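One chain, chain A, links the two complexes that follow: it is found with chain B in the first and with chain C in the second.
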Partner chain A sequence: MKKILVVDDSGVQRKMIIGIIKKAGFENEIMEAGDGEQAIQVLGANFQDIGLVLCDWNMPKMSGLEFIEGVAKVPPVAKIPIVMVTTEGTEDKIKQAYEAHSNLAGYVAKPFSPDQLKTAIMPILARQS
Partner chain B sequence: MFGMNKEFDSQVLMTTMMGSVVAVFNSACSEKNTDGPTTATRKIGRTENGKMDVNIDLHYKSYSKCCISAINFFIDMKSQEKNNTCGFIILYVKESCLIELLRAMGFPPVARKKESELLDCCGEVCNMIAGEFKNQLAKTGYTDLFMSVPQTHMRSFHEGVNCPLCVKYYQELSFYYFNTKAVTVDVAMANISHS
Partner chain C sequence: MLQQEEIKQNIESALFQSVSETISTVFSLTPEVAEGKQNDYDVICSIGFVGCLEGHILMTFSVAGACFFVSKMLDDEITAPNSDVVDGLGEILNMVAGGIKTRMASTGCSFDISVPTVIQGEGMKLRSGDDVSIVQTGFICEKFFFNTIIAYKIHTDDVVDPPKDALPKSNIDAQNVLEKLVSENHTDKNSDC
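Then we have the complex of A and B:
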């Protein structure tokens, strides 16, 4: 079973997302990163085991946008599904994200309900199982 | 070239911010407003380094203890890199209401002693409100702003908040939950472009 990487500078937000995933019955191991730089390190070391990345936008050191732009350029990791989970909800910003990573798998706007997050990730995890 | 040498329309600012706070709390919070909101326009006091002095106005907000979180806005990435802000939002949550409000918003349970988690949660709430605010502005034709990450402190904000020098006043909006003034949001903005 592939792992899920949750990237958000808020520890509590990561906890909330992980709680929703677990409560939905997904048994995937969850990895965490507090910013884009950390996410790159975690992804680099574990890319073969990671099946989904949930990524915030506004983070210190390296933003979510910069992270997905970087990931999109590296073929072995570019195919890993990424879902943005962010307060950035304007058309412009959503368009920017899809331009940064043409294979972006989804976009969830904060604040979100557990159902909204589950709807975004369920098809991805179902395909993998 | 827009005129970042004058203040944003205060009515638009207040209305948009009010709508944003209500939207975030209505969508995320099982508690509803028990009264208000109330609004005020206040003069910005500055620290020695020119930032908005948050601490001097705490008595106006009648909060003896509160969690304070601030986010700055920028017109583009270049301005953000230079820390050249066009505005800010400051969220104050009364400490005695904080844990209940977070619970009502669906955050994982946080113990009162775990200050770092309380600060984190407050920062996230500020992030949601700031995001909704700038999304609403963009929907009505204003520049799609960039946001900083939140800076959050308990009870005082010593370093002050970055604020454009042309901005002299901020709008203060207070919201009532659990039959008390539980949340206050300050917002100020320089004039930004509108298409």
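Then we have the complex of A and C:
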């Protein structure tokens, strides 16, 4: 079973997301990163085991946008599904994200309900199981 | 060019809708507008913004209210402020501010927001300059009162376009680092590289 990488500078937000994933019955192991730089390290070291990345936008050291831009340029990791989970909900920002990574697997705007997050990730995890 | 009064009405509407959406979506609760104002604050969360408007968005809570909301976020029981409470309140404000930003952008008024700051004290009061406009709405939710305040100035003659990506770039080249790590960690299992 592939792992899920949750990237958000807020520990509370990561706990919330992980709680929703677990309560939905997904048993995937969860990895965490607190900013884009950490996410690069975790993803690079574990890319063959990671099946989904949930990524915030506004983070210190390296933003989510810069992270997905880098990921999109490296073929072995570019095909790992990434869902942005962010307060950036304007059309401009959504367009910017898809321009940075044309194969972005989804975009969930904060605040989100548990059902909204589940709807975004279920099809991705179902394909992998 | 939007008039000052129209901007104020847009802000009031964006504030109310954003708070309602955040509280109902994250907590499955319905906040109601509270009559009267609370003037002493125990916990203040603040986030700055700059662009067509500049200023701060603030939320204020009692200590008990702060613990209540973050407990609900984490499905836990928190009785005293800790690092999770600080982080959680910052996230609530982040979501409210993000919602205000998105709604104001649709009226032609764009700005970017900073990272949240949380300050805890007792009986704190807010002060602002004479040239700063204030929009303030108190809410009550499950008997806990909280305030949302926007203190702002309008750039009427000198509209500032927010930079496309306001966050500074990282010192590391993401693509470069990833390529090195992928090469170091690639094994033959599931190899379709």
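The rule is simple: the second predicted complex is superposed on the first by the 129 of 129 C-alpha atoms of A that agree within 3 Å, B and C clash if a C-alpha of one lies under 4 Å from a C-alpha of the other, contacts with A are read in each partner's own complex, and residues count from 1 in each chain.
The criterion applied here is as follows: contacts are C-beta pairs under 8 Å (C-beta built on N, C-alpha and C of every residue); 3 or more make two chains touch, one makes a residue touch a chain.
On a predicted model such as this, the values are computed, not experimentally measured, just so you know.
When both complexes are overlaid on chain A, the residue A:Val77 reaches chain C alone and has no touch with chain B.
By the touch criterion defined above, A:Thr87 reaches both chain B and chain C.
In the superposition on chain A, A:Gln128 makes contact with neither chain B nor chain C. Shared-chain residue A:Lys15: touches chain B and chain C both. When the shared chain is aligned, chain B and chain C each come close enough to touch A:Lys110. By the document's definition of touching, of the two partners only chain C reaches A:Phe47; chain B does not.
In the superposition on chain A, contact of A:Asn58 is made with both chain B and chain C.
Between chain B and chain C, it is C that contacts the larger number of residues in chain A. When both complexes are overlaid on chain A, the residue A:Thr119 reaches neither chain B nor chain C. When the two complexes are laid over each other on chain A, chain A has residues 10-13, 15-16, 19, 58-60, 86-90, 92, 109-111, 113 in contact with both chain B and chain C. Put simply, chain A touches chain C in their complex at residues 10-13, 15-16, 19, 36-37, 40-41, 43-48, 58-63, 65-67, 69-71, 73-77, 86-90, 92, 96, 109-113, 116. Of all the residues in chain B, the ones that touch chain A in their complex are 24, 27-28, 105-108, 110, 117, 120-121, 123-124, 127-128, 130-132, 134-135, 138-139, 144, 147-149. Only residues 21-22, 25-26, 28, 70, 73-75, 83-84, 87-88, 90-91, 94-95, 97-99, 101-102, 105-106, 110, 115, 164-165, 167, 169-170, 172-175, 177-182, 184-187, 189-190, 193 of chain C touch chain A when the two sit together in their complex. Those residues of chain A whose C-beta lies close enough to touch chain B in the complex are 9-13, 15-16, 19, 58-60, 86-93, 109-111, 113-114.
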